[in-house]
Amino acid sequence: MTELSIQLINLFASFLLLLAFAMLAQRRVINLVNIYAMQGLTVAAATGVVAYVTHQEHLYYSAAMTLVLKVFLIPWILRRLIKRLDVRWDVETLINIPSMMLIGIVLVVFSFNLALPISKLSTSVSPGTLGIALACVLLSFMMMITRSKALPQVIGFLSMENALVFAATSATSGMPMVVELGIALDVLVGIFILGVFMFQIREQFESLDISHLENLREE
Amino acid sequence: MGNSQSLDLVLWVISVWLFIGLLGILALHRFTFVARILFPLGGVAGLVLALAAFHSLINGGASNRILPIGLPQLHFHLSLDALSSFFLIVLGVAVFGISIFSAGYFRKSTGTAPGLLCLEFHFFLASMALVLISSDAYMFMVAWESMALSSYFLVTANHRLPKIRAAGFLYLLIAHIGAIALLLCFGVLQANTGNYTFANMRMQSLSPFWASVAFLLAVFGFGAKAGILPLHIWLPEAHPAAPSPVSALMSGVMLKMAIYGMLRVGFDLLRIHIWWWGVLLLVLGLATALFGVVFAAVQSDMKRLLAYSSIENIGLLFAAMGLALLFSSYGMNTIAALALTACLFHVAAHAIFKSLLFLTTGSVLHATGQRNLGRLGGLIRFMPWVAWLALIGVLASSGLPPFSGFISEWLLLQSFLFTSALPQPFLNMLIPVATASIALTAALAGYVMVKFFGVVFLGQPREEKLNQAHDANLFEKIGMAWLAIITISLGLAPNFIIRLIDPVTRVLVNQGLAAQSKSSGWWLLTPTSVERASYGPLYFLLGIAGAITLAFILVRIRYHARLRRSAAWGGGHPWANSRMQDTAEGYGQPIREVFETFFSMKKHLPKPEDTEPRYQVIVEDKFWNGLYMPVVRATEFISSIVGRLQRGRISIYLLYSFITLIFLLILVTGIRK
Amino acid sequence: MSPLVLILATPLFGSVVLALMGHKPNGRNVNVIFSFGTFLASVFLTTRIVASGPIFALNHQFFIDSLNVFLVALTALIGFTTSVFSRPYMRIEEEHGKMTHNRMRLYFSMYQLFNFCMLLALTTNNMGILWVAMEAATLTTVLLVSVYRTPASLEAAWKYFILCGVGIAQALLGTILLYMAAQKVIAPGVNPLLWSNLNAAKTLLNPVIMALAFVFLLVGYGTKVGLAPLHNWLPDAHAEGPTPISAVLSGLLLNVALYAVIRCKILTDGALHNHFAGHLMIGFGLLSVLVGAFSLLRQRDIKRMFSYSSIEHMGIMTFAFGMGGSIANFAGLLHMTVHALSKSAVFYAVGHAAQKAGTQIMENIRGLIKVSPTVGWGLMIGTLAILGMPPFGIFASEFLILTSAMHQLPWAAPILLLGLAVAFGAIFSRVQPMVFGETNVKPLAHPPALLPVFLHLGLALMLGLYIPGYLNHWFVQAAAIIGG
Amino acid sequence: MTLSQFLSQLFATAVSLLLAPLMLGWVVQLRAWLQNRRGPGIFQPYRTLHKLFNKDSVMAGTASPLFRFAPYLIFGCMLLASAIVPTLSTDLPLAKAADAIALVGLFALARIFISLAAMDVGTAFGTLGARREMFVGFLAEPALLMVLFTSSLIAHSTSLKTIVITQTHKSFTIHPSLIFAAFAFILIFLAENARIPVDNPSTHLELTMIHEALILEYSGRHLALLEWASALKLLAYSSIGIVLFLPWGISTKGSILSLLYALPIFILKLLIFGIVIALIETFSAKMRIFRVPEFLTIAFLLAVIGMLTYILLGVKAS
């Protein structure tokens, strides 16, 4: 039974990694949002499994919270933003996709053997997932670097946060509830603020292209 | 009354100065109160300070005290030993004259409020006194930097002029860099004991390497303050910029604080001496002396001229210190004491006569509003007091017998002649060269001083309005007269001073000259033995005076005293006027020719088609373009590179943190392996 | 424990109240009152600590020891003085039309919330809550920086949000790793996220995980400390936000972030038994000193310049804590305190100067002491204090840091010397003509609030000449806690 | 000091005071003879002085007290100088009062005052002369000091008395360093006493004159004093040369009698010195003022080399 659950978690983990790569490769903003939602779903599922295995009921809550927040609420907000701001066009990346992929693979390898000794020591249900979580963090980091528009950057940020939550649940079988709540609250507030910001940036710069945000510099 | 009482008295004087400063702030714009009451009060306090220090010097021994302020682990440690007492005496004596002078000097019209000047002035005095009695690194640094700070504010008293602000900035910058070097020096000296008291530093025995590091840092730090080559660059800018009494304080007294620090660290705190330290100081000193005097000779601003001559004197002091260090590194303490005596005597002498000279320039400035030598002249007719007092300072500073400057040069040369006793042939080679440059410096100093006095006070007034120049007022006269009297008595009773110096040298190299000087009576100055060398300033004076009176009387008895006045002979020229006199530039011309390599000169020669031909030479310091500008450019270059970090692209910023993260992660794995 | 609740409750409540009535004319006074209440509470708390050593509260969720108690007091104090400074400052801004009613409400309520977050971050014992509080502090300050809604302020706020958000995310990963390491060694039933428990078991923590965790934590919180090369958000945020916010950012937020780093360093040192953490911090510190100093040379905007000087000073502190040892730690804590005081004082003076001149460009600010000597002298003295001129406290700490560096890390001393010298030249050459010389600035409508300036400078001066017994006691104890 | 010492000091001083114009006259007369002129006779200087003393002193209206005071002071300095240098005996009280360095200082004092006095009236010539005089001085003074130090190193003393004693009454040794010193000294001697080739005392040529330009504004008794002073200077320098390079015959006792014995030898040496000067002056041409620095620098360097050789040889010996 636990054997199966561990396999499940590993499956979710690899799925998450896959999604991260997909996000890296994805050009359309709207699809990015969908991928983000799927990530949320995966994380929620994984959390549920861990909760079932470790019988920590507060993980059920956090799973539910993830579901509500990251599968429905935030994607909904993002979609509305996209509609209102009308930024459905393709996103050109600063580095071309294939080379990004290559770098991504390097990062995955790196983070795997970074996490290897730790996974050995891990007591949690699925030690192997930490490396994947780490890889996801770095991948979304890279995505933030390589996107020149505001919205994709935000999505990258959110997916990084997803990866973190996944790391928390899978590698350490869940942070304390109060912390989870705090994190969730911060993310929610953050997304609201960002939403407000984007409108203002739009009206100040007539675009969400953050290459316009380069006036504060050393001449 | 024991030594601890005299330390108390010193502390009292310091607190009185601080209090006077605060009063000045309270009476910010009450001019007469500040000038006529507070400043003389401060001067009297200075005299008290000198007396207290004198007393403790006579009693001998040191007295220590700990104030309950400062860092918790490190309260302010005070100590009054022979060295600090001697410098305190110099400080007090000079301050008395200068403060009295200032009472008459500061006018209502000056830009900064008189009360504020009073505050800065007296904080400056207090911080100098604190430097001298502080006996732990922290308090020393606090006092040292407060000294720099208060003097900076005094220099920029007239901050409307951008030139003065620039001077002040340069001064504070170099002072601060020097201070950091000193800080590091103390960091070495405390030898990781975490105990910053001088007492503890004395006990540490450093390895030659670390000792040398500390010494070099000290040379840098104190050299920056003293204006040693090539850190002198601020001095000729800052000293003239300040009001004259402040210039007097800075040139006369503050520079000596650097000498004090050098002595304190080099001889007192550093127990071991290495011969090349001495050589370094010697070479630096001689180079500085020659450089200073040569530049002084070509100046056309009277205060700049004096500032450069201060550089020269500092050079001589460093040379003397170097010599002493050299001797003591070979254990020849008696001769080391001789060199140190020369150094300390010159400290006293220069402090007094340089203050006197700067004060006279102050009076001239007030009477004429003119600093440019090219527009002065003939003032001896309109301000005889100032002129004759200045003459005394001039004679002393050109090192002529029987005045104070000569004695220190005499002692210095004497100690040089002992160098042949040094075991190293290479060091023996130093004598001719070093002695030659000392002699040359002395002779050039005479040249400079003749230029200064002759162009300012003698000849015809070069400007119409100089005829309205008025003599100094009472306060100014008293202040200058006091300093003049001290200068003369220093020159005539050297043995007395040497007996004061004796305990100091005993502290530093546990040897003194008092015994010899006592052996051959009051009137004869004999550092070692009568056969070797002797000099009796009083005989000397009496000899000259006798000869003069003899000649005078004979002429009067044998002949007559008839005197006719008539116009000066214009060389057959019908309308001889003051424009025909030699200008300051002209007077410096031979020196410019001989030492051309020293300067970077911009000559502006008149062309035949010029309607009003004008000959102009601008002499500049090679170090400015040769050393400082490159440093500045390098800094700006680096900063331009660093500026590229902040390009405004958020992606780049994210990349930075990404790379940092990756780098650190690799580091971790590397550590683990 | 009651004062602790007060400390946290007062600003929280205040933010709610001010969100409702912050736009009212006396909103700024209410703001002052709440900050003062917080300050009083902190005074009670400190007295409590002085009386009876470290305390826990709310079943060990909160923990006050000598390392954070003086930071709490300092935060509350500067929070109070800054609110006093905001009174006239924001009023003038409002009259200049930079602030609307809503913005006023936002400003005051967020100001209180920001104070709350920082006090929470300081007092909490839970590393997770620490992270949450830091993130929340970021969010509030983002709103405060962008309060003018000008393009520049928005850009600054955006960069601030993204960079610090990403950074703080790394910190979360670090916290997770910390938790992971703790789970193995700490008995079930004991909360493994409480710093006190971690500290008790720090020697058992797995060194491999801890090393990794510290890297993430350092990058995360280091971003908020403003360590080069993670510092790029800092000058923008300082320069474009309202001056009171620049003051609290430099004076408080950076300190709190550094405090977080120190807490993590303590654990890491305990686990690794080597100087790994220290070396990392030394490296970051020196780099920040150099970057800060050399960036100073190119500045034209006065607030930007002083924010770079904050980077430099943060570098010095990080260097000191990285070096470790009782003296260096003591010096680092002293530097934290005095730098917070002097830098905020400088920002107060700068704020008024900029308002008088109507610009932040330094070429256009001239001869302040002609128009208002107090602002001019405030700026001059504050600058000298920041530049480490005695007898101000920064000199004391720099004295201790440099002298002990000279023996522990002789190679680092020249780097510090270079950095300090360049910083001195750069800052002073710009401030001097602003204070002295002929003037071009015009007097203000309302009397500037100079009480805070001179209060801070007075305290900084006092700390240079005399450190009160209990404060010294705290510093020594805290230095012992940091160890290294 | 005892009365006899005092008297012998007075005697020695009086001797040099009276001999000085004679020496000057002797040189002038020699030059005349060497140039196939009859010459004014060696007693001419005395007559000149007498005449000048009798004349009224005419002084520029703008002259300050310093201008009037200077001649007396310069005269006093030179008198003291010639009293300090051991001419007849080494055991004179004033010998203790000043050593070689002080002696140089004394000359410097005189030089500075004469320059100041020349600048006082403020004519073109005065300042020009002052500048040239100081210019010559700042090179000649250290050179003279170096020359003296060369002997001081040998004698391990700067007191002229000891120098003489070591030269005469220690075991006779040849010092190569002294040769350099001697050459240097001759050059300095010519420069300092305003002789050809540096200056020509018998012309008033704007382009070249130094000493004459200085005293151009003086007349009457003041001029007389200055002339006498320069004669004394000539004598003092000659006797310095004697002390350094041929000190034999100087008595070491202080009694009048021994002084009387020493007197003829001293006069003889002076005559020889005069001949040397006259010859040099006759056979060399006046050089342009711009060349003077080179001339004096050579002297300075010669003296330095003298010291160096002493040390080098000393090193070899030890």
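We call the chains A, B, C and D, going by the order they appear; numbering starts again at 1 in every chain.
One rule holds in what follows: contacts are C-beta pairs under 8 Å (C-beta built on N, C-alpha and C of every residue); 3 or more make two chains touch, one makes a residue touch a chain.
Note that the structure is a prediction, hence the values are computed from the model and not measured.
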item: Co-neighbours of chain D and chain B - touch as defined; value: none
item: Inter-chain pair with the most contacting C-beta pairs; value: B-D
item: Chain whose Cα centroid lies at the greatest distance from that of chain D; value: A
item: Between chain D and chain C, distance of the C-alpha-averaged centres to the nearest whole Å; value: 78
item: Centroid distance [mean C-alpha coordinates] between chain B and chain A, Å; value: 70
item: Whole-Å separation of chain centres (CA-atom averages), chain A against chain D; value: 101
item: Between chain C and chain A, distance of the C-alpha-averaged centres to the nearest whole Å; value: 31
item: Set of chain B residues in contact with two or more other chains; value: 643, 645-646, 650, 654, 661, 665, 668, 672
item: Chain A: positions in contact with at least two other chains; value: 114, 117, 141, 144, 153, 210, 213, 215-216, 218-219
item: Residues of chain D whose C-beta touches two or more other chains; value: none
item: Pairs of chains found to touch, sorted by chain label; value: A-B, A-C, B-C, B-D
item: Contact footprint of chain C on chain B as seen in their complex; value: 68-72, 137-138, 141-142, 145-146, 149, 156, 159-160, 162, 165, 168-169, 172-173, 176-177, 180-181, 183-184, 186-188, 190-192, 194, 196, 635-636, 638-643, 645-646, 650, 653-654, 656-657, 660-661, 664-665, 667-668, 671-672
item: Sites on chain D touched by chain B in the complex; value: 53-54, 56-64, 66, 72-73, 75-77, 79-80, 83-84, 93-94, 96-99, 101-102, 105-106, 108-109, 111-112, 115-116, 119-128, 130-131, 134-135, 137-139, 141-142, 145-146, 149, 152-153, 156-159, 162, 206, 216-217, 220-221, 225, 293, 300, 303-304, 307-308, 311, 314-315
item: In the complex with chain B, residue positions of chain A that touch it; value: 94, 110, 113-114, 117, 138, 141-142, 144-148, 153, 210-211, 213-219
item: Chain A-facing residues of chain C, complex; value: 126, 128-129, 131-132, 135-136, 139, 142-143, 146, 149-152, 154-159, 161-162, 165-166, 169-170, 172-173, 176-177, 179-180, 183-184, 191, 193, 206, 208-209, 212, 235-236, 239-240, 295, 298
item: Chain A - residues contacting chain C, complex; value: 114, 117-118, 121-124, 130, 134, 137, 141, 144, 150, 153, 157, 160-161, 164, 167-168, 171-172, 175-176, 178-179, 182-183, 185-186, 189-190, 193-194, 197, 200-201, 204-205, 210, 213, 215-216, 218-219
